[in-house]
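Below: a set of structures, written as structure tokens.
Two complexes follow with chain A in common, the first pairing it with chain B and the second with chain C.
The block that comes next holds the complex of A and B.
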């Protein structure tokens, strides 16, 4: 039977945790730590974009960084040209989403699936990466914004407060805003997944043939799901650009795409909270390993990931859920057995008395 | 019952590179409630023919009209929404869901919430699978999965029902139930059945179309087809006599 999303305690727990972090972290921690954590927030939004299209649409994109980079560059170019940041931020969602519609149209209406889809998304990302890397020189400029090739675009404006006229956000305000965006994206996706549209997406993921035989337009549906994911990835790119005030072609890199895949895989495909947790844990580990400077942190990260995949093939969150369910069943069983024993004992005592 | 022509294919051809899977097939279902069996060895082009009818494949040449409307080249979901339902050779179900939920999803395409639930229970009981309603379909046998998919197809109340090897993997009892059910379906819809099981064909069919190498080889009354020497020798072998 269908269960209303609004009755799911998980949603409220996650939102409450998010709100508590948003309100209390700036009070409890120093500015440097908050700036570090802001990074995790941005990357969590990015991870959610893939968590949604892969976990709930069955679309395995190897090129999520394409849309992340596109959003980042859109924001950079538009904000440098316009001076304000609100409209560029919106453009950084719309343009990647539209590009997602275009790419999705060719992929899904061309009936590509599985590995071919992965290859196409991967190659498109590489094309962008190569292309932007070759835009060094003053001739490659859009308005006042020079693309800068492999040197990237420096001095990207910091996000303005949408209310106060032109006032730049300080790091704390940026953290709070980004946390609010993360919570909104999370809640928005949960509601979308629970809607009729979301259920059809899941049915397509589960069995594409039967979904179309039930009369659903599978291809159009996939294009929409894909472009929503692209829009979210684009937004996280804009958040990244304004957070760093700098962007270079590495936003389009394979490393960036692979990271999204790893976070979703480690957190649990088919969950939204899992990838967020994975971002925090894995990025924190990477940061600490980077500081050690003993061994290449990618090698160490790989060494952590291999056992992680072997021990938790379903990912972090689904496994923890499974374990806690198992423990609960065992605990309940023990409790019932204890009850039985007490009843038996009292029966024996009573029987003894009767004698 | 109306006498409107249900389905007609003219010169239907499907090629895959150098292989012609369906070749110049002129086939028709002339009136509502007609039940036709398609016969033929593996690779004769029966399933490809079905896939052309449901838009899963776009035919290389030829036309298909369903209830007077040309449908060749249309998308699957559009054709399905016009009223064609198919039970595929390998059942396509939502494996993680229960039988009840699978059928309800199909019923919901045609009915509002409450009616959809009623329809679901009707279909489950008609197909004799009420006892499976809570079972996860991924864990069931092939025969049981066939019945669940059939219930899904019928829940959407199609005008034309295509059944691709529905009796495969069924027990004798399940097969009898299926034969009864198929006959029931013809009260409201036309049915095309692809099947190898001769006993089952004898049970249900009046008219049979024999496919061979992508072409229609013979089309006649079931008894005449059974007696047709060339059909027997080439396609049915000894099983026709045995059945």
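The block that comes next holds the complex of A and C.
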């Protein structure tokens, strides 16, 4: 199913679209629009984290927001304490990834089935959400950073340039950096999926027993895949925190987890481009509907999710691909038919006689 | 002495709490293998039924014991017909669809009743043990938990209805071949599970108050209990509730409720690491 990565036109198309957006959007659009678009970029990275572990590792995590929030809080606390942002940004990848290893150890070495996995990740997220919500008093502080309970952490530093110390990025630079990160994550994941490691994870997704019989350590492999996803989610959390310069416990909320699932589900499980497209479309719709203020955001998410599962379980991108393939074969058939209609007709006549 | 009684009562209350939260789920998940993420919202619906009914002057006991199960049971059957029945055997999809349903219900109730906490005062007042004051309603909850477990056990064990339900869950095709209407039994079982959930939601409403997002706080303990319990409906629920409820209460007494909740989760994670099939996957395997 997975072609050699260099032969896949999809990769080149996506990367060039990404590069074009990264280079030309800042020239074409005003700063406010760019700042708006930056949030789609951050959320796309977040969506990719789930798209990878679910689509290519077969791990359905209901608690992706747990790692998103963990990354965001790590970045917030570390950057407030340190002043510089480069190291906190890296910490925001490492700490969620390590927590992913820990949680993954319990889940995968316990050989929990898919379903239990979903529930356990969900519950872990809920516990985090509760704990963080509970840290309102001044005694809950790490260094200079007060966790602030449900009020969240305000005035998180903006990302500075990694080279020149202390110089903050302006919104355009931030957009370009985030686009670059998105493209790197996308390409990195594609390379990872195409590598031997990625092939093993796909084989585990397809048939866990068979892969383990072939000698692969399924449990360890799943832990690694899971923690990579957690690291990426944590990074997107840090991007979110520095983009908003504010973070509150809603980063850990069910809504955040649900959104990731909806995007991946809508875009298509087993694709990376699909979820990005879904982020852009669905976030835009919910933004527009939110401005109208007639429909609750939860209702909207539910109204998208339920019919999606019932009608379009494969997701947008695979379905569109399937349709276009079908159309292509029909079109080719018609073309071929125009040439040899006569032969076919005579064949049917012959067949009729034989009967 | 008085203090010991209080601690024992509180532990029993915590166990009863978990039994109430998870018994409906144990039927829907343990027997039918349908993961109903919207379980918390079913509880919420039961709670809202009681609060709204008592607000328009209906007797609160009638609302709790009759109206709440009825409303949520009917709602459950509706959901089964519209959504769940397409998803039997597709566990992950049912997970996603019921999550969508849960979001839909939270949003819907918020739009209808607003995002505020509503409540009624707990009936029955209290009594005193030595110098401590205890709410009599705690005893009602303990009693309700015991009677729910007993009646589920009795129905499954001794009646032909229970036998048919168990046979359909074990092998729907065979049951169908022997003349049982499997589709109907699935629908009815889901309805009964929902009704139990509604009853539980109604019973806890005076204690917690109701708010559209209350299910989010309840679903964690409920699922953890059912998963830790394993496949058996009654024994699993009872053993897991007993264990997790005690852990929760002990830590709560020492450090406070938030840490109690966290300890509950960690205890469950460790249990699942040792016993991946839950408690009844290893012990009491032949029990209901």
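Here is the rule we go by: the second predicted complex is superposed on the first by the 323 of 355 C-alpha atoms of A that agree within 3 Å, B and C clash if a C-alpha of one lies under 4 Å from a C-alpha of the other, contacts with A are read in each partner's own complex, and residues count from 1 in each chain.
What we mean here is this: a contact is a pair of C-beta atoms (placed from the backbone, for glycine too) under 8 Å apart; a residue touches a chain by one contact, two chains touch by 3 or more.
Note that the structure is predicted; figures quoted are calculated from it, not measured.
Undergrad: Scan A:256 for contacts with chain B and chain C and give back first, second, both or neither.
TA: neither
Undergrad: For A:126, using the defined touch cut-off, is the partner it touches chain B, chain C, both, or neither? Pick first, second, both or neither.
TA: It touches chain C, and chain B stays clear.
Undergrad: According to the stated criteria, A:47 is in contact with first (chain B), second (chain C), both, or neither; which is it?
TA: neither
Undergrad: Per the contact definition in the header, classify A:179: touching chain B only (first), chain C only (second), both, or neither.
TA: A:179 contacts neither chain B nor chain C.
Undergrad: Looking at A:216, would you say it contacts chain B, chain C, both, or neither? Reply first, second, both or neither.
TA: first
Undergrad: Using the touch definition from the top, say if A:265 reaches chain B (first), chain C (second), both or neither.
TA: After superposition on chain A, A:265 lies in contact with chain C alone.
Undergrad: With both structures placed on chain A, which of the two partners, chain B or chain C, ends up touching more residues of chain A?
TA: The partner that reaches more residues of chain A in the superposed model: C.
Undergrad: Which stretch or stretches of chain A touch chain B in the complex?
TA: Interface residues on chain A, with respect to chain B: 203, 206-207, 209-210, 212-219.
Undergrad: For a test of understanding, state which residues of chain A touch chain C in their complex under the given definition.
TA: 60, 62, 106, 109-112, 114-116, 118-120, 122-124, 126-127, 130-131, 134, 254-255, 258, 261, 265, 295-306, 308-310, 313
Undergrad: Name, in rising order, each residue of chain B that touches chain A in their complex.
TA: It is residues 54, 56, 75-77, 80-81, 85-86, 88, 92-97, 105-106, 109, 152, 156 of chain B that touch chain A.
Undergrad: Sort out for me which residues of chain C touch chain A in the complex.
TA: 35, 37, 83, 86-87, 91-93, 95-97, 99-108, 110-111, 216-217, 219-220, 223-224, 227, 258, 261-262, 265, 268-270, 272-274, 276
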